[in-house]
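Listed after this line are the structures, all set down as structure tokens.
In the two assemblies presented below, subunit A is common to both, partnered first by subunit B and then by subunit C.
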Partner chain A sequence: MTKEYLILKRLLSSLLILFLVITLVFVLIRISPGDPTQKYISPKLSSQLAEEVRKSYGLDEPITIQYLNFIKNIFTGDFGISYEYRIPVLKVILEFLPVTLMLAFLSITMQLLLGYFTALFSVRRKNSLIDRLIRKSSVILYVTPGFVLGLILVFIFAVQFEIFPSSGFKSFYYDELTFIGRIKDIAAHLILPLLTLSIPGAALFYNYFRDGIEDVMNKDFVLYLKANGFSDKIIFRKHILPNSLKPILSVAGIELGFLLSGTLVTEVIFSLPGMGRLMMSSILSRDFPLVIACAFISALFIIISNFVFDLIKVKIDRRIWKEILS
Partner chain B sequence: MLNKIKLLHFILIVWLIILIFRFEILIDTAEFLWLSITLLFEDYDFLSSHLNFQMIDSLTALLIMLLIPVIVLLKRFRNKFLNTNVSFSRYFIVLLMYCFFVPTLITREHPDYQKNNPDTKLLHPFSIIYQIKLKTPGDFSLNSNEEKFLKIKEKILLKEFDEKEIFVKSYSLNDNSYSFSIGDRTVRLSPESIHSIKSEIVFLGTDEFGRDIFSRLIFGARISLFIGFMAVTISLILGLILGYIASTGSAIISMIINRLTDLFLSFPSIFLVILVLALFGNNLLSVIIVLGFSGWMSLYKIVSSEVASVKQKDFFITSQKLGLSNSELLMKEIIPVIIIPVTVNLVFQFSNVILAESALSFLGLGAGSEYPSWGSMIEKGQEYISDAWWMIFIPGIVLVLTLLSFHNIAKEVNKFFNPKIS
Partner chain C sequence: MRLKFHFILLLLLLISASCEKEQFKDTSRVVIAIQSEPETLNPIYAFGLNEGVITDHLFLYLLDLKWNENKGDVEAFPMLAEKWQWNSDSTSIDIYLRNDAKWSDGKTVSAYDVVYSFDIYSDQQVQSRFYGMFKNFYHFENGEVDLEKTFAVKDSFHLIINFLPDKVISLFDLAFPVIPKHIYENINRSEIQTAEINFNPIINGAYKLKKWERNQFIILEANRECFLYDDEMIKEIIFKVTPDYNSALTQLKKGEIDFTEDIRPSDAKQLSNQKNLKLASVKGRQYDYVGWNNIDGKYFSETKKVKPHKFFGDKKVRQALSYAINRKEILSQYLLNYGSLCNSPISEIFVNEFDSSLTGFEYNPDKAKVLLREAGWADKNRNGILEKGNTEFLFTLHIPSGNPLREYAATVIKNNLKQVGIEVKVEKLEFGVLMDGLLNRKLDAWILAWFIPLPNELKSYWYSDLTQTQLNFAGYQSAEADKIILELEKKHSKEDYIKLMKKFQQIISEDQPVTFLYWFDNIVSYNKRIKNITINPFGAIQRIWEWRLEN
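Take a look at the complex of A and B:
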């Protein structure tokens, strides 16, 4: 069993999962009550015309043929045309993706950095008052749901002090701004959503980092290295940190996948045009091609981010690649 | 001193407080119970036509209030749970349990009671309002049991609306008549038509319809916990059955179930939940079922791996060779082993379900507007964020404390069963 073989096997099983996901979503939306064409048909229209509208959506054929057509189209990369926006589904998603990508990558970096530095701080000042304070508050922050935290942040920073705008992705005068002004504008709009997304995750990573570092610090090999006269910095950077990263990377992979598949609640609070709200609105308006494409994209993101973080894990610890990749 | 306070003392203290403050209602409920029992034999049709959930709820509240001290005092020596020291999470969970079982005794206002006065909307916490009770025209005589029954029923059940009660922010007495304002108009009432005026503290404020936030919180706790219990039960049953099948059945079945689990895990479950709820409609039952179905994966993983490991242990093989039947093996060898990790997982699952339920209510896909829910309270508060901070902060803080308590309890349970893991 070589590495390539395992990676290939994993790719194939990921493809199978993607296929199952879209099949599941397809079945769910086809057995659900409600007709997507109802919205576009006037009751005064003759039934013949209504049938034609249904035909133009491809909804008149039996469901098995619809399914086969749908699978065939997906293999050619065609997800269909959105009922609501009247343009290819992938184009719609491309419009909503930048916000989600930006939020997800900024948020995961912020979570990891915040978690790492507070954990370092906490490890250095172990059992001091401030360490105990951070420990207690990290649990509280970790269990705080996104909508409570987001609304509290909005109340403090947008309503009481009026430092940041409370909603939206850019201001209405965005087009008149200079380049630097535009960046500032978007940054001001993204700070509160980023904090909302990152604080619970940062609290989680803080706990993982702290437990991991403390755990490895008490191992015998660290004592051995110290006895051999290595400096603390080198021990920490080359031995303690890589050894404590394994659980963190698995959690980070899952976390990034969830962030990329849309952070619905945060987007709803701050009315950001992201994947989560696109999904929600497409489900509610019965925009079937868009729903399936969104499900596909988010499942793809989850699989990719897990895979990438697993590769990073292999890079750090080559001994266990079989176990990780299988 | 503090170490000597056990959980049972706290339970009894809360019980005593409720008993003192709601003694009158408890006595009335007891009379009501007696009347219902007599009517059960005298006039069954009358009773069954008046029977509803609220009535049964207040009757069970009475029974639970009677049972609590009996159970606590009988079990006080043996039960480990009752003899633990108190911590904040345990305090909070005991209070939540009281909210779950006897909400009608904790608050005496219906969660949907809309005070018929625009002045009482969006009142901040600890504001004072006056309740003016109008006289009812002519007391009817209380001869038959039926009439007594109706009278007491009106007394003990929480009313959704009462036209004989007016809530005002302030009133004045001049020219021998009471005057107060309802919205824009001023109302004058002569003292003869008024039964009583009393001041009330709106403990946690009111919402945009003038509903009391405190009683909505109490009844919302009940809905959250109910959904939590039911959904966890569903995922427990699913996880146990599927895990057992996967670890004992044929290889093909176990592979199929494993793939299915991977499928559900590789997919944000919140998306699936929203998909199903938005497509098939959301109500209490569908929320419970969907949340139950979205949580079985971790239980399945635990059960299947634990059962697989138990089957290789010597004690299992010995009892198999001794000729125990499959059901005996399950009951005597497998369940005692897997119950520990399953219990720990269940408590975590429970807080996840409460979180998911409130998030769904926040998105408008919860159990529906007929049930007060913390998530929907917060969602409503979003609209009034600049006028009424208490509409977000109070349910939000209660939700966070609930999640925190269950999180801590899950950790404690884990520690209790696996002392090696710090």
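Take a look at the complex of A and C:
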């Protein structure tokens, strides 16, 4: 089997997964109780209004017809109009995506860097007091729920020391700031959410990095390389690190996918306009087109991020490309 | 070393950012926390509370309605209409508009805009939030206002509005925001819902839209062209989306937010001790109740006929349940007395109509047991649960998830009813699922709140014909109450109207279609630097153009 064939196969299976995801979400949301026109039921409103709105959403048609129309529209790239925002759903998503993308990429980078450098620091001081302390703390940080960590950070840095703003993505006076001021403004707003998102993940990666590096360091080939006079730096960079990365990259792929799907708790605590909040509010208001589009985007991100990290794995170790791509 | 350098650099940058922030603090701004983002700034579709609040500051009404607490009623003051004159039998009104009201694009607000607004609001195709609310106007079968019969435009600033002669006309019949004809007439009516104008409106109100950052904040700035403008007005009002309650409280204490609503009673005391904050309450607009399905919901759904519910179809049982529930305990323990006991759906804010002689059903488990026995319920097999024939008295009480007050109330109610031999299972449902259950009459019992509309409205909630009244979730059936509800739709003297309202309260209190629990306050907290705030049953956030900032 050629590499191209395997890539094509992976691409087709990804498309199938996407199709199944949106079909499943479509069916689940339609069979679950609740109706997007519930908000039109009020003593002040005419009872006919809800009926009129249902008709205009096409919800009076049989579910099979609705599904066929939906699939037909999807193929033309039309996810429909959001019931809540009254604009095309893709336009709504585009308004929420930048925050999520920024948070996700910055957070995964922070998690990997923090995890890596702490692991390195720890491995060099193996079994020392500080190593034991970091290992124990990493478990505590990993199991700390996001909302607890977020509130603690807000209390310390926003309430007590007033260093960072406690919520939002930018200040009200953002437009009045200079270019540098704007960058600083966004950075100041993002630090606490980033820490909330990244600290548990960094603790996880710390353990993966530490165990991976330690495991590979104890392998016979490392001893053999040392005996052959290779420097510690080269052995580490060229042999130990690449060999310890495989499980980390798999986890990183999944983690990035989740981050890109939205980080609800952090977005709610810090009032950030991200995909997590969008998806949650669309589910609660039964905004069917928006729910499906959010699910589609999330699934797409998870597939892409896994694929990208798989490609990185292949880049590091070419022997595994068949295993990975199939 | 390099790492340390970068860290110090970052710290310096952030410190300088916080210094830059100081220079913007002086601006005349007020930040109001809102839980969710408005979907639109178009008054046609402002279905949500927040949308209503914001659009009320962007678009002016014909009349300025103010709540008079002493009278328990609204009073009209000039707004777009500078004067008006009712005819002798109140079937027609002459309205004289101001000639200095301007749209934000410079055009003058005219009588044609007023007529066009009613035309749009009543159009079936537009699906406006006011659709179906023009029954007192001359209208067609589909609810659209008959413009020819209703309106006579004398000139750009003078028009006459004619009402149907047999209807009870109130000031609320004129309480609609006026929208710009010259903008809307260029948009296909079926496309208004998705038009750009929903997000970037042409306004005539005290404030105009400055900036809308999706799901973050909306900034309104004082509209210098509006006749309501004066130099003392707060220059910028920021509605900040703050979905997390705890985060809103933190920001309020820190001074990042100046105003927030829906404070939990347990936090109110702590906030009242804050030097920079003040507390206030909107009273008498919302009450909690335990809904008992008076009819067999399944049977009704299948046949559209009414059959009494096996537990709650009997008035004596409902009365017993009300006696068995300790409402005072919930009011004092959870609500910390930020509210009052509720005995009927008429609030004491309606000073004249409210029947203060009703004492309601005071907690009395012994009386509850007697009533249940009279209704045929007894614990014959001594298992602690009452039976009637082969039916044991056990049911599920549904509550919406994520509401601590109702969770507390449900626990108290469960324990109270256990004492009289009734087994209750409490189940939390997501709000949409709960509503689905109620609309399809699938639920036996539930706890919910009603937010009472102004003007008062009874038919939607309590009229027996369930095909007409979706909101009569309890399926309440009473010929006597129906007669009064229909009578209230006719013209009456003020005295007769009050008599009818009091009679209605006595009937519904006796029937206990639901157990009326308590009126609960909307507790508001705001920064002391804001002065001249009006908080009354009309709401907490209103008439912001009258707010002032302390120097």
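As a working rule, the second predicted complex is superposed on the first by the 312 of 326 C-alpha atoms of A that agree within 3 Å, B and C clash if a C-alpha of one lies under 4 Å from a C-alpha of the other, contacts with A are read in each partner's own complex, and residues count from 1 in each chain.
Just so we're on the same page, a residue touches a chain if its C-beta (ideal position, glycine included) is under 8 Å from a C-beta of that chain, and two chains touch if they have at least 3 such contacts.
These numbers come from a predicted model, not from an experiment.
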{"item": "Clash or fit (per the criteria above) of subunit B with subunit C on subunit A", "value": "clash"}
{"item": "Touching partner for A:V154 - first (subunit B), second (subunit C), both, neither", "value": "both"}
{"item": "Which of subunit B and subunit C A:P145 touches, first, second, both or neither", "value": "first"}
{"item": "Which superposed partner A:V268 touches (first subunit B, second subunit C, both, neither)", "value": "both"}
{"item": "Touched partner set for A:L16, first subunit B, second subunit C, both or neither", "value": "first"}
{"item": "Which of subunit B and subunit C A:F307 touches, first, second, both or neither", "value": "neither"}
{"item": "Which of subunit B and subunit C A:V53 touches, first, second, both or neither", "value": "second"}
{"item": "Contact breadth on subunit A, by residue count: subunit C or subunit B", "value": "C"}
{"item": "Which superposed partner A:F258 touches (first subunit B, second subunit C, both, neither)", "value": "first"}
{"item": "Touched partner set for A:G34, first subunit B, second subunit C, both or neither", "value": "both"}
{"item": "Which superposed partner A:L24 touches (first subunit B, second subunit C, both, neither)", "value": "first"}
{"item": "On subunit A, positions contacted by subunit B and by subunit C", "value": "32-34, 151, 154-155, 159, 268-269, 284"}
{"item": "Interface residues, subunit A side, partner subunit B - complex", "value": "13, 16-17, 20-21, 24-25, 28-29, 32-34, 139-140, 142-148, 151-152, 154-155, 159, 257-258, 261-262, 264-265, 268-269, 279-280, 283-284, 291, 295, 298-299, 302-303, 306"}
{"item": "Parts of subunit B lying in touch with subunit A, wherever the complex brings them together", "value": "259, 262-263, 266-268, 270-271, 274-276, 278-281, 351, 355, 358-359, 362-363, 375, 378-379, 381-382, 385-386, 389, 392-393, 396-397, 399-400, 403-404, 407-408"}
{"item": "Interface residues, subunit A side, partner subunit C - complex", "value": "32-35, 38-49, 52-53, 56, 81, 84-87, 95-96, 151, 154-155, 158-159, 162-173, 175-177, 181, 184-185, 187-188, 191, 268-271, 273, 277-278, 281, 284-286"}
{"item": "Complex interface listing, subunit C residues touching subunit A", "value": "13-14, 16-18, 20-21, 24, 27, 29, 31, 36, 39-40, 45, 47-48, 124, 127, 129, 131-133, 143, 193-194, 198, 211, 213-217, 219, 236, 238, 240-244, 246-247, 250-251, 253-254, 256, 430-433, 435-437, 439, 453, 457, 460-461, 468, 470-471"}
